[in-house]
Structure formats: structure tokens, C-alpha cells
Amino acid sequence: MSREHEKGMSLIVKTITRLTVGIIFLYGIYIVLHGHVTPGGGFAGGVIIALSFIHLMLAYGRQEAFKRLSRAAASVFESFGAIMFLGIALLGFVGGYFFLNFLPKGEPFRLFSAGIIPLCNIAICFKVGAGIFAIFVALVLLKLDLGKK
Amino acid sequence: MMGSVNIIPFFVAVPLAGAFIIPLVGKKLKKAPDMIGSFFTFALVVLSVFAVAAVKGNGTLVYSVGGWKPPVGIAMVLDGLSAFMLVTVNLVAFVIAVFSVNYMEKFTSKWKFYTLFLLMLAGMNGVVITGDMFNLFVFLEIASVASYALVAYGTEKHELEAAFKYAIMSAVGSLFVLLGIVFMYSYTSTLNMADMARVLSEKGTGDISLMVSVLFLMGFGLKAALVPFHAWLPDAHPSTPAPISAMLSGVLIKSLGVYAICRVFFNVLGMTPTVSSVLMFLGALSMVIGVFLAIGQWDLKRLLAYHSISQIGYVILGIGLGTPLGIMGGLFHLFNHSIFKSLLFLNSGAVEYSTGTRDLKKMGGLSKKMPITGATNLVASMSIAGVPPFNGFWSKLIIIIAAVQAGRYGYAFWAVLASVLTLASFMKVMKYAFYDRLKEMWDQVQEVPIYMKLSMCALALICIFGGFLLVGRLDVDFLGSATGVLMEGVNYAAMVFSNVG
Amino acid sequence: MVDIYVLLVLMIIGAVIAIEVKDLLSSVIAVGAAGLALSIIFLILKAPDVAITQLVVEILALIILIRATLKKDLPFSTTGRWLLNTIITICFIMIFVAVGVKCFKDLPEFGAPLMRVSKTYIQEGLQKTGATNLVGAVILDYRAYDTLGEATILFTAVIGVLAVVRRIGRKKVGEEVEENE
Amino acid sequence: MVVYLLCLVMFCLGIYCVVRKRNVIKLIIGVIILEYAVNLFFILVAYRKDGRAPIFAADQTVTNMVDPLPQALVLTSIVIGLAVTALLVGIAMRIYEKYGTFDITKIKELKG
């Protein structure tokens, strides 16, 4: 990337980013937590959360974004989300089946309902958010050295 | 009964758990990926042997994931054919994981290799064990995506190019499969394969079967590298690290291509004479074209890759015959090919590990310096060429006898011809690589490390004693039950639904 | 229903532009336009979940693709047997379309799916899973195993991308290579 | 019926692009177009005339919902598409780094 991206973009972009990035992040969390009641879910929410970090990175340069979510942390979050999802699946054996929805279903339309579905959404959100962030970092910050052809 | 059903999800869960754990621990502890890779694949081999025993004891086993009975939920089906494929896939994977312990020292970031390896294995096991059409597609994609990355693992020019070509063609193949699934879903309004077969036999197949057959044949044919769709294989297979070449040629094209073709065409759509003759024709074409292209090659791994196309042709020819003997020959050849082709690729990897070249013209007399590699390569070459008493001979013999019995003398002739040409081509390999005069530049060459030797010896032993699979109880429980599943045809539906547990 | 046709035609135009235009950046943006049209079609076809996901994925894919094409040379070439190969391709496509049209007759009418299995989800989904969003109920309860596969594919892609962008692929045995990951 | 046909046209455009174009990025775009076509076809198949989105609202019972199953499957398939696209772009960028071009005719070193 050019030097411009090391330092970030202009003041206008930075100011607007400061205002919006939190809202985008919160919106992502909302989408994840209400995945079983309204449209959306772990995947869409996870991507939105990742996009909020990407937004920050584009506006402020990469150092600012890595301060909040380092690459090592992203990698750990990703594996953690994946293991959590697989763990929920294996916990189903408590009731006798792989992937059994073993928690009480609760009352419809409430946030705490639908058994394992919100938990799965959160696990997927961790996995997807961290994964997308990692892909983006790897691809966008890939320095191309065209010298040795 | 209940206990043996519960092993089914672990075929997917075990490799996935391994793959998810490795990134967490693998960066700090350098030995951990080796240990996890070998240990988890060994656990899978043990599980597969249990699976064969379970199928023998209980017949078809059906597992409803999440407690939802099919067709509402996803069903996993373990029958004779699945158990057969699981043993093949996991056995080869275990041997290759052991081989990689030493071999992958030549590459950076070993933990990424093992993660992708286990993910690919999870994908293959998932394809083999599932009873649901869309689930098959999902696991097909896991295995494919992992294999794209593994082909590009060396990150050199040619590897990236081969990976890109493979990835594009394979992605298009997957989308053909997905389009076929959409047509099937719209027509039958279900995704469970057994339920689909039931609906199709009640409702009749109509014009839709033509479209769906074409789409599935193109999609799975691309994955299996049948001849009109084979262009990616000779680039992709040689470009990978040797253990992955062995994995791709040995089991990936079989579990994603051949197994899926068998399952869909025999058990879901129902075998018709047209499909049967198309399969036989494509098989014979692959067999002959593959071997002709192989003869002129001087790159050891590229030569082996072309032979993979040719040997897949034998498998498809045998299965396409549709007679019990033909199917059994085809499946037995599938098993044998995964063993000896993996061994050949591991040998080529061993040669590359010690000498750093793949060019046959540069090698010579290596068996003096690398006796174990030379000896195991001799066994594998005799086996692929169909020299008695090695395992390849028996399976080719059965296929040829089946072709003659079915009155297909032409195909039998081509099979014999291809076998002779294979022998010629491997005579060349043996002469140039291992038995010619030792060149001076190779004076310092040493035999490969211990784990590589061990895994090559293990595969060579299976090659020598593979013929015993045709004897007595083993034949009935292992190959016989797999053949039985395909001969049942669309009765598969009844077999599955009577066993929902 | 007219709106679907309009958007579909828009998508096809976007695709044709994306395929034929010489400038790679324009072509990426045209495909992005087609993707956004697709997202609106999903919304009209009563699939809000899919529409949201398509929208966010589209944005992400577009960013990655633009990054790949930005400030790159834009060579364009046609190979020798251009005419012959194109004719073969077009013939194949014509046959494909003909077979497709023939078998469309066997499919249920547009707007009237059979819903043999899906009836169960609609009738019992709320009681059995407790989720009011039926799509959520299907992907995370009835077919959660598929979703495990989906998450795994993304995981595979991440590890795959990290493996592909390694600066140094090979090393000598025993050599220690510094890794920046 | 006509909708299905337009969707098939879209699919064929994708095939044409993948088979005939000689540029790495165009090939990726071809795969993306194919994905669009298949996903769209899946949702079209699920559409029910005058149907409602498959989400229950409080205190009302609705039965004429569109088919929720294909929507769930398309979600999965979109994610798979993203994963494949990301990996393809990764490989493509490395190819550009090694060869300095996206033109396949100049990249072709392997005979296949």
C-alpha cells in the first residue's frame, strides 16, 4: 500500500469514522444477538463487526486498528469460535445426539429463547469476524515486491 | 446397536477438532502439529475399522443429526460402501501424516500444512458419510478449498499457476453440482438422498433426469478428472508437496469424484443403460488417453499424475459395467490404486527429498544409495502395471473378466492394452531412476529419515498382501458389502428408512 | 412481478459489461452492481436474511477485488483460434439452454413450490426450536451440521490465504525461517 | 418460467466468461457470476406467490410463507462463494507478483 495508508486518510474521513465506527460495531452485535428473532444472524453480524475494524483501518492506518485487535488475537478468536461451535455440537451428546438443541427453548420473541441458537450465533460471529479480518489483513496489506520476476 | 451408531459423527468431529486445535498450540510448540496430525489420523483408522465391524453386525446405520429424523434433518448414513471408502481414505491419510513428519521439514509453517491436511480429511470423510445432498456439496467444498490452498503451498510460480487453474475449474465443477442439486430440490422438494430416490421412483424421472445427469456428470467428472475434464490434474498433482500429491491422487479424486458418481447415479437417480454406457466410454477413454500421455513424460511426478487419470478410467469402467463382478473389480481397484499411487508419490517425494530433482533424465542408479525407496518403488510399479501376485493384478484381472462376461470385448481389449503400456512406462521409470549406472553427482545421496521409510514400507506391505482381500470372510465383509450397496440401486431408500434410529 | 424482470435484466446487463469491458476496475464495479441488484431481488422475493448476507458479502468481495485490481496493468489478449473456440463454446451453451428449457416444464410452476419437507418447518418450527426466524431455525437447528461445514469452509479459506501469502515457501531441512505470522 | 430462463442466461454468461476469457481477474468474475446465477435460481425456486418472509410476527398465525429451506441453503452457499473468492484473489495476487501480469496467455508455462 502507499504511504498514505500507513497514516490513514484525511481529517474529514477520520472525524466521520470516529462517529460511525462505534455505531457499526453495535449494529453488528445487535444483528448477532437477535439472529433468532429477526433477519440476520452470526454470519452477517460477524462480517459487519469485521467491517467496522476494516473501516477503522482504512481511515486511521493499520497501527490504530492493530492496537484494538492484533493479528495474534484475531487468530486466537477464530480458533476459539470454531472450537466453541464444535463444542456446542458435541455437547448435544448430553441429550443423545450430535447437534441436539439441548437447552430449554424459552418463550418465543425473547432474546433468551431458542436454546442453543443464540450461542451458535455468537460462536459463528467470533469465527467469522476474526476470520474476515484476517483475510482482509492478509490480502490488503500484502506487499507486492515486483522486483524479482 | 445404539453404541455403534454413535461413532458416526466422530468421523467428521475428530479431524475438525484437530484442525481447530493446531492453530492455537502449533505456533508455540513445534512438535505439536506432528503429534496431533499423526494421532488424530490414527484414531480415525481405528474408528473406520470399527465402522466396518458395525456395518457387518447391524447392516446400514443411519444417524439423525440433532435428533431430527430424515428427511427433516440431516442424516448420516454408514453402509458398506461408506465403510469401505472410510477405511481407504483414513488408512492412506494416516500413512501420509506419518510421512509428512519428516518431509514437511522442507517447507515453512508446518502447522498450516497440518491444519489444511486435517480439514481436507474432514471434508472427505464428510462427503463419504453423509446421506444428504446439500451436505455432500458443503463437505465437497471443504475438501476442495483445502486442496486449492495445498496445491499452492510451495508458493512458487508454477505452483500458484497450477493452483489457480485447478481452483477455477474445480469451482465451476462445484457450481454445476450445486445447480444439479437445485433442480433436484425443486423437483422432489427434499434434500435427503434416500428420500429423493423414493420420490423419483414414485413420480418418475421425466426430462429432468437428463439435465441433472449431465450436470452431475460434469461436476463430479471434473473432480474425478475423467478425460474431457482432466486438464487440471497433470498440473495440480505434481505441484503440491509429495504427501499431498499422494493424498490428491490417492484418495481425493476418488472420494469427491468416483464415490459421489457412484452414490448419485446408482442410489439416487437409478442406473440406466445410457448412463452405464456413457460411464464405460468415459472410463475407457480416460484409461487409454491417460496412459498415452504418460509415456512421453520425463518429469516423475507428472508421469504419475497422468497414470492417475488412466487408473481412474479402470475404476469407472469397472463400475460402469454394472455387473456385480465389474463393480467389485472397480471398487477393489479403487482401493488398490489409492495404496500404490500414494506409495509411488511418496517414493517420488523421497527421491526429491534426497536429490532435489524430479527429472528422470538426471537420476540414475539411486537404488544403490536408497535401497528402501528403490525396493518399495519396485513393488508399487509392479503393482500398478498389474504383475502377479501384487494387488493391482487381481483387480485389473477382475475388471477384464467382468468386461468379457458382459460381452464388452472391445473394452476388455483396451484395458489389456493400457495395462501393457503402463508396464512399459514404469519399466522406464525403474530403469532411469533406480537401476541405471549411478551418476557421480549422487555419490553423497542418503536414504530418507525413519518416518518416511516406515510409511513407505507399510504401504508396500499392503501392496504385496492386498490380494488376500479377495479371500473368504474379508471379501464378504469389506468388498462384498460395498458392492452390495451399489447393486441394491434405488432400494437404497428402503434400506435407509428402515434403519432410521 | 415486473420489478423482478427489470432487476434481472439489470443484472444481466451488469454481467455482460463485467465480462466484456476492457478496464478491469470497471469490470469489478459492474459485477458489484449486479450483486447489489441481486440483493434487492432477494428482498423482493421475501428473503431478507439472504439479502443482508448478500449485501455484506458483496461489499467485502468488492473491497478485496478492487484491492487486487487497483493500479495494475490491464493487458488484454485473444488467442489464435479465437473464432473456432467461441463457436464451440456458444454451441455448447445453446445445447445447455435447450436442455434446460425442456426440463423447466417438469419443475413446478414459478411461485408454487412443492414444499413437501418445508411444510414441517413452517408448521412445527416455532414450537420445536423456539426461534421466530425460521431461516435461523433451519440453519442453526434443523441443519446446524451444514452450518458447521460453512464455518469450516471460511476457516479453511483463512488458513489457505495465510498459507498462500507466505513470503518464503520452502527452506532447507533444519533451517530456521523467520515467520511474520 | 421466463424468470428461470433469464436466470439460466445468467449462468451461461458465467460459463462463457470462464471458458473464453484470458485474464485472471475475468476468470474470478466469471465464477462470481456463476455463483449469483445459482443462488438466484435457488431463491426463485423457493418463492411462493403472495407469500410472506419466513419470520413469525407476534400474535398472528401465518401459513403462506415462502420456502425457508432454500434460503438457509443459499446463506451457506453465499459464504462458500466468499471463501472461494477470497482464496482465488489471494492466489491471483501472488501470481501477479511472480509474473507481473494478469494475462493467462503470458502466464501459461504449464502445458496441462
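Order of writing sets the labels: A, B, C and D. Residues in every chain begin at 1.
Just so we're on the same page, a residue touches a chain if its C-beta (ideal position, glycine included) is under 8 Å from a C-beta of that chain, and two chains touch if they have at least 3 such contacts.
As the structure is a computational prediction, the values presented were derived from the model and not from experiment.
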A-D or A-B, whichever has more C-beta pairs in contact: A-B
Query: Most remote chain relative to chain C, going by C-alpha centroids?
result: B
Field: Cα-centroid distance, chain A relative to chain D, in whole angstrom
entry: 23
Task: For chain A and chain B, let me know how many angstrom lie between their CA-based centres, rounded off.
output: 36
- prompt: Whole-Å distance, chain A centre to chain C centre, using C-alpha means?
  reply: 20
Task: Would you mind pulling out the distance in Å between where the CA atoms of chain B average out and where those of chain D do?
output: 28
Message: Touching at least two other chains at once: which residues of chain D meet that condition?
response: 15, 28, 45, 53, 55-56, 69, 73, 75-76, 79-80, 83-84, 86-87, 89-94, 96, 98-100
Query: Which residues does chain A have that touch at least 2 chains other than itself?
result: 38-39, 41, 43, 78, 82, 86, 89, 98-99, 101, 108-109, 135, 138-139, 142
- prompt: Among the residues of chain B, which are close enough to touch at least two other chains?
  reply: 16, 20, 23, 65-66, 134, 138, 141, 145, 148-149, 152, 155-156, 160, 163, 186, 191
Task: Write out the stretch or stretches of chain D touching chain C in their complex.
output: 1-10, 12-17, 19-23, 25-26, 28-30, 32-33, 36, 39-40, 43-49, 51-57, 63, 65-69, 71-76, 78-87, 89-94, 96, 100-103, 105-106
Task: Would you mind writing out the residues of chain C in touch with chain A in their complex?
output: 48-49, 51-53, 56-57, 59-60, 63-64, 67-68, 126, 128-133, 135-137, 139-141, 144-145, 147-148, 150-152, 154-155, 157-158, 161-162, 165, 181
- prompt: What residues on chain D touch chain B, complex-wise?
  reply: 11, 15, 18, 24, 27-28, 31, 34-35, 38, 41-42, 45, 69-70, 73, 76-77, 80, 83-84, 87-88, 91-92, 94-95, 98-99, 107-112
- prompt: Once bound in the complex, which stretches of chain D touch chain A?
  reply: 53, 55-56, 58, 75, 79, 86, 89-90, 93, 96-100
Field: chain C residues within the chain B interface of the complex
entry: 99-100, 102-103, 105-108, 113-118, 120-121, 141-146, 148-150, 152-153, 155-157, 159-174, 177, 179, 181
